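After this come two complexes, each holding subunit A, first together with subunit B and then together with subunit C.
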Partner chain A sequence: MTSDAPKALGQSLLQKSLRKFRRDKFGMAALAVVAVFGLIALGVKAGLFCTLDQATTPVGDQFVKPFAAYERRLPDGTRAKAVSVFGTDIQGRDVFTKLVYSIKQAFAIGLIVSVLSVLVGVVLGCISGYFGGIVDDALLWVYTAINSVPFILWIISISYAFGRGFTGVVVALACTFWVGVYFNVRSEVHRLKEMEFVLASESYGASKWSIIFRDIVPNLTHLIFVFLSLDFIAAVKNEVLLSFLGLGIAGEPSWGVMIANARLDLLAGKWWEVTGATVLLFILVMAFNMLTDALQDAFDPKKVG
Partner chain B sequence: MITYILRRLAAMVPTLLGVSILVFVIFNVVGDDPVYLYLGKNASPEQIVSLRHELGLDKPLHVQYLVGMKQLLTFDLGFSMSAKEPIARMFVQGIGPSIAVTLPGLMLYSGIAVLLGLVCAYWRGTLIDKFVVVGATCGMALSFVAVMIFAQYFLAFLPSQKGLQSFPITGYERGFFTCLPYILLPNLISCFVALGYDTRFFRAVAVEEMNKEYVRTAKAYGAGTRVILLKHVLKNIMIPIISRVVVAIPFVVSGSFLLESFFVIPGLGYKLLHAIESADYPVIRTFTMLIAVLVVVANTVADILNSMVDPRVKLS
Partner chain C sequence: MSAPLLTVSGLKKHFPVKGGLLRRVTGWVYALNGVSFTLKEGDTLGLVGESGCGKSTLGRTLMRLYEPTEGSIVFQGRDIAKLSNKELMPYRREMAMVFQDPYASLNPRMTVSDVVSAPMRAHGVGSAQDRRDRVAELLEVVGLRAQAATRYPHEFSGGQRQRVGIARALVLQPKLVIADEPVSALDVSIRAQVVNLMMRLKERFRLTYVFIAHDLSIVEYISTHVAVMYLGHVMEKASSKDLYANPRHPYTQALISANPVPDPARRREKQVLKGEIPSPMAPPAGCVFNTRCPLAEERCRAEVPVLRDVSKGGDEHLVACHLVKE
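Showing the complex of A and B:
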């Protein structure tokens, strides 16, 4: 018996996981980066800075270089000397404002898609795994059909059928991403439902729904965290892809729209818009990838001692 | 073995049935009425009724589905309004360029990734290992779209501006040797983007294998590094390698969409996206369905191959 054994005894799995997560330097750094991006997204959403209006109105001549002096158009129509932060785009809009506004876009898409797909995946996975029978067969059939085709085909077809725009992107991504969550939850439920604590609840006469929500779902925490993180970043990356293919968000800036539209500007030597969007996307994806790894390490019950 | 193959082939039927129903629901139930796309907003009611009748859209949904399936099964795929070509010919001609753009890259990066994975696993925790892991993590965070744009700019566009011999900026020519210069850069790009994911995966697989007892025994017998890696470990991780390459097929398809549309290569992805831009509804539906069939068939064939390679895969 080591001296810290009694301390460990009094801790729940969640507490242990959180402690392990807090010790993970890379995980905490990644979480900090995500939190900074998240705060900026909240600020934009609340209308504190970089509003849609500011991101879509021209502020000066087209293609002002980054950190260069230029004449800034003020809202009242007058002009004032200013130094550009990250230049202007082809229509003279401020690239920095567009980049910051796009953080909100990325978080909106990432959050909605990840929450929707995890919710649907967990609920259907529990039903399928716990009840089995014909419902399980039917859901598994849908899963196989969706999973055996490259996701990009579903995403393109669905967003085409729904019409271009924010809703189309979100629906297309959520409709395809849930299957990954579903299948993993289903196999985990299969495993959990044979365990003693579930059998005990059953013998006490607990209702099936109470067993699912009180006994099984809490044991899916690690899957839920990991998939929220995975699907968030997959959604952000796929938005870029869809915008590039001309099926993304319309009328508002987003990293995907910026990269897709500014790729011809690059050939004319105007590198800043496409570079800015690429770098921000890179940082966010990197942070989320590291966060996913850290969550997997900290919350998987098999890895928590 | 033969019964196993037959059973695997039979299992494709319900899957493809499900795919066809989903495709039908997406395009015929959720999607816009294609009649408005063809006739515009100012069509007369008579025109709408007659075109609906011509396209068979006035029939009940299940009849429409069955008619579509009958066309698909008899290869009566119809005519593309936008490309002015039979859809079947468009599809057949698109397969070649699509494979040329993706398959060499897939083989190249799978090979490199397996090699790097083995190297990392053997010298685990050393500087080489850390360098590769950090590199792979960075590579995973790169956006495919951005890599494409910058690779074209720096490797094809800038050199040609300076008058240097380099990759063609865009384009494609048919023919086994004539297409080579055009597919080189796209393949390098998909290789670069996928390398991070695969290296990480194969490293994890190889690390697990290196911890097994037979490796320790081989070391104790004094077997050299190369013998352990290539003779023992590589053979034992063949199954995850094959499965991983199969899993990569969807990734290859999405890569081909991006690469073909960016480098103007007339493969399946390019044609499908062109059809989307011109709202050529029959082409979109047929291509989606046919690509799905190709992928399901490829998966099944890979499963059968896997069962032949590994005697442990249960055939029952």
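Showing the complex of A and C:
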């Protein structure tokens, strides 16, 4: 426990974890990539880069190749010579604009789904793990029931029931993802509940809420961070899958919609739309995976030295 | 003579074992089977026994961390065995616990100051400033520097952490401190320091201890009285001096003879116990020690011995054995 290296005194575990995380080069690089995507998403949301209108309005002929000269339709109906960035799709819409707009879609889904599922999972996991009894039995039963059917079937059926669109995707994903968080939090709470510092709190008569909020929840930080990250990735990937199956977002571009719609174009040699969406998806998911690993390393109390 | 601070009678704690799909109760762990003793103010009762004999369960049941199955715990004249959590609150100020593992008994996310003052907050004692003052005072009492208050548990060694745990136990000025193997997780070199600290604190704050340990020499050193436990029963209880000089129960004799003595010239005949402790889920009939007792007779396998006084005047010396003559 005692190391010879001089260390800052009075440093909390969280501060130590942050320091460790900052020293992790891969983790920081991954965070930088995620941050760039995040900033673009924010920019799109604020209408700085492109609007939904721009992403859905044709700007030229269909299937203009990337980096090729073409005649661009301007909003006033006139035409001007321009060089395409990443070509146009079957209806002549600008692929690059669609790609950038889709970053916002991915972030919106990832953030909403991960925050919702972690919130629900942590709250129910704490209740189930700490209080036990009938509530625990009931929640565990729900967990087992949801877990005994492949997730993708749940996601498909829930989003089908909700109808195509953003809300359907978010509800379907959040409804299935919380169970993973719940089960892990529940077993961690079970472990923490038997720890002597919780017994100590009980021995001097601390209230149940004080034990949950002061003793248990602060010791779940590592799980919360890791699940936020994991569920973000899973949500982004599943949105693509749902859209590919025709159950995802409608009326707006997203990587999934782009891949789904352009997959037949690929046979005709029009590779840019599918490639663009896939590459961006890959970079974001890869960076998030690396970020999750780094978070796990830095925040797991067993690894914080 | 003053009334005893703590009188425990017939205390039982049985844990249900659940199994199967519907988690029905499939058996019971008989952790405590009718433990009785009294403890006067200012005394230190050492509880010894092998792992799994129920001594930690006893400590935790006394603190009402576990619900007693049966029996009474009379503390300061009132039976606290059946009180609700709310009714217990005033008594929780009067009794405190020091835990075994100093690495697990302090919340890693709290500063030492928060840890030590937590009992005050739970009881709504004092203002924030009062709490800070009290923490500073206690840290000094247990031999830590005042700067320790703003640090986190992971910045301390095991011995220092145990001092923090002791400070937390003392913060509400309890009468009774139950120490559950407070030094067994510490380095041998640190144990004496912590035990001496606990003895000094006892004098200074007029504490009464229940000191749970499996190290016989430490118990001999700190305790005024010792109770030997086996499978949830008290087998023998006497003053510390009497028990070590003149152990009467065959189990106590075996324990003491197994305890190493730092004197190479002295050789004692060792009684090595055969076999293992039977499972507390299926304790043997009759005297629970009969399966390992070198002297066991027919009667021991049939009849449960009760604790009786075998002293010839003077302090009481209680033994639960059919074969011990008065």
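Operating definition for what follows: the second predicted complex is superposed on the first by the 297 of 305 C-alpha atoms of A that agree within 3 Å, B and C clash if a C-alpha of one lies under 4 Å from a C-alpha of the other, contacts with A are read in each partner's own complex, and residues count from 1 in each chain.
Just so we're on the same page, a residue touches a chain if its C-beta (ideal position, glycine included) is under 8 Å from a C-beta of that chain, and two chains touch if they have at least 3 such contacts.
As the structure is a computational prediction, the values presented were derived from the model and not from experiment.
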| item | value |
| --- | --- |
| Which superposed partner A:Asn219 touches (first subunit B, second subunit C, both, neither) | second |
| Which superposed partner A:Lys98 touches (first subunit B, second subunit C, both, neither) | neither |
| Partner chain in contact with A:Tyr160 - subunit B first, subunit C second, else both or neither | first |
| Partner chain in contact with A:Leu266 - subunit B first, subunit C second, else both or neither | first |
| More subunit A residues in contact [subunit B versus subunit C] | B |
| Touched partner set for A:Val285, first subunit B, second subunit C, both or neither | first |
| First (subunit B), second (subunit C), both or neither touched by A:Val240 | first |
| Partner chain in contact with A:Lys193 - subunit B first, subunit C second, else both or neither | neither |
| Touching partner for A:Arg72 - first (subunit B), second (subunit C), both, neither | neither |
| Residues on subunit B engaged by subunit A in the complex (per definition of touch) | 14-15, 17-19, 21-23, 26-27, 30-32, 137-138, 140-146, 149-150, 153, 157, 249-251, 253-254, 257-258, 261, 272-273, 276-277, 284, 288, 291-292, 295-296, 299 |
| Subunit A-facing residues of subunit C, complex | 23, 60, 63, 65, 85, 88-89, 92-93, 96-97, 99-101, 104-111, 118-119, 121-123, 147, 150-152, 154-158, 165, 168, 172 |
| Subunit A residues within the subunit C interface of the complex | 1-2, 7, 9-14, 16, 137, 195-197, 199-207, 210, 214-215, 218-219, 221, 301, 304 |
| Sites on subunit A touched by subunit B in the complex | 141-142, 144-146, 148-154, 156-158, 160-163, 237, 240-241, 244-247, 256, 259-260, 263, 266-267, 274, 277-278, 281-283, 285-286, 289-290 |
